[in-house]
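In what comes next, chain A is part of two complexes: it sits with chain B in the first one and with chain C in the second one.
Coming up: the complex of A and B.
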């Protein structure tokens, strides 16, 4: 029975001109999106490699200089793009790509793409994730909205009933007829992407297992959508109404709820404004040691402590340059201040994430979106991870410079300069993004919600169509 | 016959609760959207107010210190923080260069969640790295905001589709079309009447609900009346467009489900696909140069300039003898070198930065021209302009604040070069900033939409019904 229905439905779908056109359109759009994203990905990565190299050259060739001048001169950490960004760009457009690493200060990442584009960018780009998240569910609606209503409108449901067809078997056959072409489309897209990515040089951390997991996430997402559309089709009488209702669900799930979630998250757990954040940090910084200010109370206290520790009377008797030592202590205090404030910011973001998870109960779009971005390493968490890694590197760099200054020069000698070769000794900045396992662990909530959606929607579909008599005529 | 139809249609609309449902839905959607918009505007306004407040506190303290110094008293401040040093005023007491919200800012979030609404440029600041970005969670930026513009651009067409896709088809499907066809009336006129009436009631519902929502949230009609009228007219023109489209599909397409599919196809095309296609096209035709590579170049220019600071200062003073002092004993300070170098760097960066500006404005031109491919885009742009949150507004703010930054620097430059002190009398002369929104023509696009709708309507009425259609109607 299931097979017969599958055959009959597939044939019917295939013969329907509109569905053929819709399918072809989606395929063309997908191909265009993949090609554009691949270009973009290649460009960005080439720029990244170039930028990283030439920034390092600038750093290495700064010539003789006081280490603290070099610290102020600073260097940049650049964020690479990861292979699966080809499928899901996530929030990459809105996060900066380079972080300036200087003395005393943790900077935000600069230069996000969205700031440089027209307002149109906010409507969304033609990227594979746009098609996967929004357009394919729409395609599902177009294919499946009348799968049950048409039996009612043509009166064939009475015939089916008289033949004693078991409801869920018929439904399952129809379900497969909708699911299999999508599955095939998705499979081809993912395999093609995998091949493109593994054939690119320096694709680095691309892994087939991440790609497969991403594939699985979308399969589940589409299964949920098919179930929803089938449930509606079983409950209403007219195809037109079924279509409009399915579409309303789509709008609600994919557009209204994410936007509402973002609004609720913002006014429940607002971010400080840029200025407010900076001010709070300045306030905290002032309370502690400032490496540039030897007259402050904190400096005096440190001085006393160090003198006592080394059992000497004056700073110049210390076995190292106290200026460098104080600089380092000040740096450590400031790093702590930043750590504290960024921790608060992160806490605020976890609160916001909770709001998104709560609303995920009513929108399968949300958990899929977060899971997909996370697997692709284009989510906010990866950005945080990168920013933290850059900050750690900044702290290490400061330590490296201050210690050299403290060890090699005399107290009070601010005109002392480090060798031109010295800069090359600074270790390079290397960043490894979270692995698939880490990402999945982090998204356990989203995965559970998605599975609940899958099982729940299957159950409802099963019970509402167990017997075709239940299907409203 | 016409009068008869009119009366019964009206009774029908009331009895099947079409009007009631629509009004309540609009009230809820508009209400929630405006509430969200106002939350955002409030946050923006209070942020600016707080910054100004902080500035004023610092200013008061600084003025008191200046006063004391004027009177010959000692002040309790470290030597490098004494406000008679011009650099202290220029760097530690920067003006809050802000972009206050328009009274209609809550209408569209636009780019307001992406960009900061005030900056504080300082004398030794670097304009090319002055950040105009607000601190927002990128997830929020990705999802966007449930604002009035979203309701109007995305949801209103769907409401219209839901209430108009089966006007003719339902008559056919329920068999009453035959009865109608026996009446002496052109079927197209009959559909037009039916839709016309629905349009009329929708317009009334929109005007009433929007007014209620605006009144409830305390909109100031006295100052904002013209914006309110502009808002209403673009919304009505947009609704008209969708009704005309519904009319065309009702006439040309047989079944109600196919009708719905066609209309939704248009919706997807106009609201989802065209914007992303046009955006992609503008990015491909006018790619924005790489910021990362710009950064590299900037670093090289700066590194080069820093090495040659002394030489640069010499050249600078030769070009600007007015900044040179006759005092040959004067030591060339850090700030003199810095300012001269900064000037050179800015000059050298200019072609690089203007490349960005040029590409962005090229993109804008393309996007503006091609926005006629999608009425949704036209409406979104118009709503952004009404709200003062369009990309153009933020670019304007950037331009004006950079101009002010230059003014601010130029004010202090002679003082820094001549090592003169900042006195109380100089304080009055400090440049002030006030942002002015560009004046936009809010009706040209509305008229364009009305024209487009009339064109479609005319086409549908002028084309003779095809054989197939006559067969259908008969």
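Coming up: the complex of A and C.
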């Protein structure tokens, strides 16, 4: 009965001109979105490779220079576009692609796409994730809203019941008829994306298993959506009402609830303002050692401690250049200050994420979105991870430069310059984003919520189909 | 094949069907006559298991329709007054689907021969049923019954709205099914067609079976007279 119904429903669906047009439109939109994203991905990563190479060349070819001058001269940590960003761009557009690494200061990522765009960007971009998260659920509503109401309106339900049809088998056949073309569309989209990504430079990050997991997440999301639309279609008698209710659910699930969740999370755990954040850091920095200021109390205390430790009377008697040593100690203090404040910021982010995850229970959109961005390495967690890795690299770079200054030069000799070849000894910045396993572990809550939605909606659908048996004629 | 015993259906104070005793044997056509609201459709809905009786019982092929709702549906076919099919599918596809969900699967040739047997012209087989007349749809309904090899046929005013030719053709189809041993219960207003096809005729009023004859016992004019009298119409005034 399931296969018979699937066959019949598929015929009906594809003979309906409106549905054919809707499918063709979605396919065209998807192809356009994938092509645009692939170009974008290719361009960004070509720029990434070029910027990374040229920036390193600039660093390597500084010539003879004092290491602390080089520390202030700075360098950049660049974030590539990860392969699955082609499907889900996540928050990449807003987080920036490079971080300037310099002495004494932790900088934010800059050069985000959003700030480079015109006001028209407020209308949003045509990206695969927009089609996957918003448009395909709309397509589901369009093709499935009257799946059951049409049987009631046409009166065919009477004939079906007289044939001894089993409610759930009938529904499941209809369910498969809606699901199968979407599954095929999604499958082709993901395989095509996989082939495109395999042919583009991916810095060794692209994996078919991540792509397959992302595919699975969307399959579950659509299954839930089909269930919701079928439940409505099973409960109401008129197709018009089913359409309005289904669209209301779409608005609620995809638009209102995510925005509300975001507002609640921000309200409960607000971030400090940029100004407040900077002021707090400056205040804490002043309370400790400043490597540039040998006359401060902290500097004098350090001086005393070092002289005592090495059993010498003056700084020039030390076996290293104390200026470089003080610079490094100052750097360590500042790094601690940044670590403390960013830890607080991250705690707020974690709290917001927790609230978000809790609210994800009310909408299957939210856990799918989080999971999708995480698998694609385009979420805030990955960005934080990148920013932390860049900060660690900055601290290591400062240590590398200060130690060289301290070990190779004499106290008070600020005119000393490191060899032109020295800069090449600085290890390159390499960042590995979280693996699929790490991302899935991090999203276990979202996975469970999605599964609950899937099973719960199937259970409700099963009970709804029972009422189909008792049609009043 | 069809048996009801003291079958009653009430909605609060309203008794839609009042202690109906009825029997339709293999190869018989029982025509239930009566005005709207007489209880004809209620009887059919009870036999289909769409309604549950307040008291009494009904059985199809000796199986109680309430206790063995699913099994009894294996034996019966139903054609309502306005048989609705899937408009974008053609007759072959509709027949294939409805017989498929009753676990009867046929190849295209067999489906074509069933439709031919049901009297549908060959040129219509592959046209979408949205272009069919009511008579053509009723023929597909008969084809569904034939495909199912139904032992019992329940018809709810199947000739209502049909032109005389279509009604005549439908009557002939019923005769064919009768020869195959199908037990048919037909609710109708059409006295002429009832007299033509039935083996037994009953008149219902206010949920009760008021009169019943074997078709040989009564002429068409007597049937009409009795019908009008039962309905309390004044024949002289008419």
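What to note about this one:
In the analysis below, the second predicted complex is superposed on the first by the 465 of 473 C-alpha atoms of A that agree within 3 Å, B and C clash if a C-alpha of one lies under 4 Å from a C-alpha of the other, contacts with A are read in each partner's own complex, and residues count from 1 in each chain.
As a convention for this text, contacts are C-beta pairs under 8 Å (C-beta built on N, C-alpha and C of every residue); 3 or more make two chains touch, one makes a residue touch a chain.
All figures in this text were calculated on a predicted structure; none of them were measured in a lab.
In the superposition on chain A, A:63 makes contact with chain B only, while chain C stays out of contact range. Judged by the touch definition given at the top, the superposed model places A:78 against chain B, while chain C stays out of reach.
In the superposed model, A:255 lies in contact with chain B only, and not with chain C.
Of the two partner chains, chain B is the only one that A:266 touches; chain C does not reach it. Set against each other, chain B and chain C differ in how many residues of chain A they touch, and the higher count belongs to B.
When both complexes are overlaid on chain A, the residue A:339 reaches neither chain B nor chain C. In the superposed pair of complexes, A:400 makes contact with neither chain B nor chain C. Legend: residue contacts after superposition of the two complexes on their common chain; A:458 is shown touching neither chain B nor chain C.
Across the interface of their complex, chain C is touched by residues 1, 4-5, 7-8, 11-12, 15-16, 154-156, 158-165, 170, 470-473 of chain A.
Those residues of chain A lying in contact with chain B across their complex are 18, 29, 36, 43, 47-48, 50-51, 54-55, 58, 62-63, 73, 76, 78, 90-91, 93-98, 108, 110-126, 130, 134-135, 138, 142, 145-146, 238-240, 243-244, 247-248, 251, 255-256, 258-263, 265-267, 270-277, 279, 295, 349, 352, 356, 380, 383. Listed in rising order, the residues of chain C touching chain A in the complex are 41, 45, 48, 50, 70, 73-74, 76-78, 80, 82-89, 93, 96-98, 100-103, 141, 144, 148, 154. On the chain B side of its complex with chain A, the touching residues are 32, 36, 39-40, 43, 47, 50-51, 54, 78, 110-111, 114-116, 118, 120, 129, 131-146, 150, 154-155, 158, 161-162, 165-166, 169, 255-257, 259-261, 264, 268, 272-273, 275-280, 282-284, 288, 290-293, 295-296, 299-300, 303, 306-307, 356, 360, 363-364, 367, 377, 380-381, 384, 390-391.
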